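These are the structures in question, set out in turn.
In what comes next, subunit A is part of two complexes: it sits with subunit B in the first one and with subunit C in the second one.
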Partner chain A sequence: MLQQALVNGVVLGALFALLGVGLTLVYGVMDVPNFAQAGVVTLGAYIMVTLHQAAHWPFFLAVAGGVVAAGLISVATERFAYRFVRTRPLAAPAVALGLLLILDNSALELWGGDHVSLTPPYGAGLIQLGGMTVPAVGVALVLTAAVSMLLLWLLLTRTGIGRAIRAVSQNPEAAATLGIELERQYVTAFFISGVLAGLAAFAYAPTYAVFPYMADGVIFDGFVVVILGGLGNVWGAALGGILLGLVESLSAVYVSAAYQTAIGFVVLLLVIVLRPAGLFATTARRVA
Partner chain B sequence: MALLDIAGVSVRFGNVPALRGVSLSVDAGEAVAVLGANGAGKTTLLRAIMGRVPVEAGTLTLDGEAIGDMRTSGLVDRGLSLCPEGRQLFPAMSVEDNLLLGANRAVIRVARARLATIYERFPWLRERRSVLAGAFSGGEQQIVAIGRALMAAPRLLLLDEPSSGLSPVAIARVREVLGQVRETGTAILLVEQNVQLAAAMTGRGYVLNRGVIAASGETAALVDSEALADAYLGGAA
Partner chain C sequence: MQARTTAKTIAGAALGLAMTALLASRPAAAQDKTVTMGAILPLSGLFSTLGPPERDAMQMAVEKINAGGGFAVDGQKYKLALKVLDDESTAATVGIAAFRQLVQVDNVPVLVLADNTRNYASLLQRFPLPLLNILDSTYPSILDVDKHVFLLRSDTPAYVPGAVWYLANVLHKKRIAWIGSAADPYSTGIETWVKKAAAEYGVEIVADVNYPPGTTNFSPFIQTAMAAKPDAIYLGGVTQEVLPVAKQLFQAGIRDLPVFHNSGATPTQAKQIIGEDLYNDVMATNYDFAGTLPETSDNPATKTFYKDFLARYKEYPDDLTMWAYDAPYVLIGAMQKAGSVTDREKIYQAMLTQTVPPETISGWMPADGGKLFHGRDAQTLSEGVRWCTATKTIAPAFLYFMDGLKVTDQKIVENGCGG
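Then we have the complex of A and B:
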């Protein structure tokens, strides 16, 4: 039972990490608590379902379409909303929550409130791992999260785009003085965050139903992950995600499934009290 | 024709005038100083040249081209580069990443070639290229910051108080590095409170006092001038 709980925890943690990494990227660059990312996940999932089931696109092409669309929706939230509160940080959380409502209700208006499913070709598959049974969708989720984070890390640390994003996260005015276009970095960060939300939709939707408020609960776990890992710390968010997933999964087995999420928040409170900068934070402001 | 020509430039922050009708010029390959006390408007002048604060009145031209309304990225493309006050490095990034950011406007092949040149000129940077910039002393950070500014391959390097907060030993090292920069023929506009450093590095200069050019001439002569004494000791502008 312990082994199965650990496996479930890693799968759940991979989802949290995928969400948390996108949140921490945007927070690192723009100081915005991007609650609207849950709405981006939802719209991304609906677009995948529509492209696959209504437009009859092949499954992975539909997923790619949904991921790109999620990236563009995320950019739209920056262009049409967040950019206007960049110098007013106190307004950003309210704008973020408002955007989440707009995106969720857009999904409700466009697709209705019924639960639908996104079923991948491997949807019913089960994989045996040393006596444990792991659904293929869970394996796909973990692989998606791992590959996404590796690619994001390579992008941030090995490319000019990544260097510019990291520079803006640490000192935007100094970056601008070097000729780095801040607006371009904000748009890029939101696009990447949206793509990660789209990938989270791909990873999340086959296990859970697609409905207008599908990611509103799990986005709070994403924020717990961000705080656990240290704001702006991509690897911290990844490790924080796995940690939270394991805590919640083990809590469900050994305490009660009813307290699973609550225990995650207890861990958050402990981290805030004992290590306010996060478990994996450095002293300098960073993204990577 | 001067490389940089500034005529009657005024900058205002709200109701507070920061620069009033400032005029100065820098020729290609020349080193020029702007001397003045804290609050004289020296940093504002450099920020106005780099397009970081709006210019209320006056004209700025680079090689005859008007640059007053240009974005910072365009100014960097045209050969201006600022080494800001307080270094403003990215502390959680390596020396090499900091240097490459200085060439962010160039394609990677060109940036790598410039990096090789910088490493050749300053081997100390190559030896520490993987170290986080935040781990260095102020003097070492200043050399990284100068290297980063040079990565833009500037025709005119703007230096804002490179000796600020440094020990005499570190200042001597910065002076040595700036001497190497001078040998490359890069023009320099040096804003400094340290008049000895300015006199050693530049041939000509201006005294800026409360946002107004109070005097100009050979830097060595300005060092002993009444205008500079007024600027530092609070005489009338």
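Then we have the complex of A and C:
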């Protein structure tokens, strides 16, 4: 029972981590609580469903199309909305919520309110690990999160693009003085965040269903993860995601299923009170 | 040439004037007035599997009524119109605004609802009108909300216990794991009656799990339920709540236990929500207990409705579509009995005593004196259906009527899938 709960927690945590990393990346660069990320996940999932079922693209090609589209939609949110409040951070949450409504309702308008399914070729698969059973879609979710975060870490630490994003995150004025184009870094950060949202859609949709508000609830878990891990801290978000997944899974089994989500927020409150900078905070602000 | 053209123009104008005068001189009764019935349905959001087929079925009935010349009340001929507003599955906000629009602004004489009736209680007290609910069988009953509420379907206690009876006496299962939605009154009402029926029929509820609102990952709840080693699973909630849990049960490797629910999910919805590649396998062990289905009816009018609805909307009509189809006939019957299309109180009084309209197709079981409503609840037989993997559709498994917790009029269908 414990082992199965741990495995379930890791699967759940991988989703939280995937969402949290995208959120913390944008927050690190622009100080924006990007609630609209949930809408990007939703639109990415719908585009995958449409490409696969209506346009009859092969599944993984449709997923690739949806991921790229999610990246572009995320960039559009920056270009058409967030950039106008860059110097007014108090306005950013309101803009983010407004964008979320626009994106969700765009999905509602375009595809209707019915639940639809994104079913991968391995949707019925089961993997036995010792005495535990893990759905193939859960394994895919964990692998997607792990590979995404590894690639993101390599991008941020081993490439010029990553160094530029980190520099803007730590001190935009100094970065600009050194010749780094701020606009380009903002767009790049939003594109990466959108791609992560697309990957979250690919990993998450097969376990549940695609509908206009599919990510509105789970995005709050993403923000819990961001705060647990320390704002702007990518690895902190990854670890915070796994931690939150384990807490929610174990509490559902051993405490009360009804309070699963509430217990996650209790942990958040404890962290805010006892370690306000997050569990994995560092002295310097960073996005890697 | 010029003169001939002018003459033609004058003749045409004269003919037009004559036609206009002729039309204007038709008897007043031939100029049908229109009565608009209002409806608030979940056309989008969590409960959006419910609203669209109900709207479509009501629209079919309205079109048929009007194609037949409309209806007469107190010597005046009327056409019927239907105005449906979407509550977006958020009755407490959008639904309330829709109520105000239909009842206060549009001044509809009667209102049709599908769910969340309790949200309208205070408005109903201030603006009383006959309110016909075609779906909301939550427990405690919505009939307690206001005396103006009527329920055009059997209430929860009339069909849920039959499912537990079937589990115990036909499938011989004695250990049920319950997985339901804590925030959905439909689910919690079913849970109440599953427990009552289990106690009556000697079935043990070995796990009782309710997930919080917004849950999309059910693995901890499934794990908790399975740890109790059940021999059957009972899912609470509507189609869009039940089918994702059924899908995750299958994905978690639970593929040989019977899965019971009262969702009224159609094959089309199962395919859409679970996915084309998976739905037949996921649904293979599913049993769904609710109202009777038009597909399995012996009534020729019901069979015609089934064929027409399927052909027009490419969607299997289920129990709620029949109830919705009947709603306009019930409301017309009440207005005719009341002798008014506008007096809400008279129409309400007429509904209390009206008989079963002959055009209805749901197979209403009349109360004493042939009245449609038993109090304010119209009742039909209930039906359990099972999934047929060969045809990827549903077939009857059990027809029954509940007298308290006693099953009456039962018919077990041994070979519903035909093979």
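Keep in mind that, in the parts below, the second predicted complex is superposed on the first by the 288 of 288 C-alpha atoms of A that agree within 3 Å, B and C clash if a C-alpha of one lies under 4 Å from a C-alpha of the other, contacts with A are read in each partner's own complex, and residues count from 1 in each chain.
By definition in this document, contacts are C-beta pairs under 8 Å (C-beta built on N, C-alpha and C of every residue); 3 or more make two chains touch, one makes a residue touch a chain.
The structure presented is a predicted model; accordingly, all values stated were derived computationally and were not measured.
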Partners on subunit A (subunit B, subunit C) - clash or fit: fit
Subunit B versus subunit C as contact partner of A:T177, first or second or both or neither: first
If touched residues of subunit A are counted for subunit B and for subunit C, the larger one: C
First, second, both or neither for A:A209, with subunit B first and subunit C second: second
Partner chain in contact with A:L126 - subunit B first, subunit C second, else both or neither: second
Touched partner set for A:V11, first subunit B, second subunit C, both or neither: second
Touching partner for A:S106 - first (subunit B), second (subunit C), both, neither: neither
Partner chain in contact with A:A258 - subunit B first, subunit C second, else both or neither: second
Partner chain(s) touched by A:V137 [first = subunit B, second = subunit C, both, neither]: second
Spatial angle subunit C-subunit A-subunit B, Cα centroids [nearest 10 degrees]: 150
Nearest Cα pair across subunit B and subunit C, whole Å: 37
Residues of subunit A contacting subunit B in one complex and subunit C in the other: none
Subunit A residues within the subunit B interface of the complex: 160, 163-164, 166-167, 170-171, 173-181, 282-286, 288
Subunit A-touching residues of subunit B, taken from the complex the two chains share: 50, 52, 71-73, 75-77, 82, 84, 88-93, 97, 100-102, 104-105, 108, 111, 132, 134, 148, 152
Touching residues on subunit C, where the partner in the complex is subunit A: 43-45, 48-49, 88-89, 182, 209-212, 214-217, 219-221, 223-224, 227, 240, 243-244, 247-248, 250-253, 272-278, 281
List of subunit A residues in touch with subunit C within their complex: 1, 4-5, 8, 11-12, 15, 53, 108, 112-119, 121, 123-124, 126, 133, 135-138, 204, 206-209, 211-214, 217-218, 248-249, 252-253, 257-262
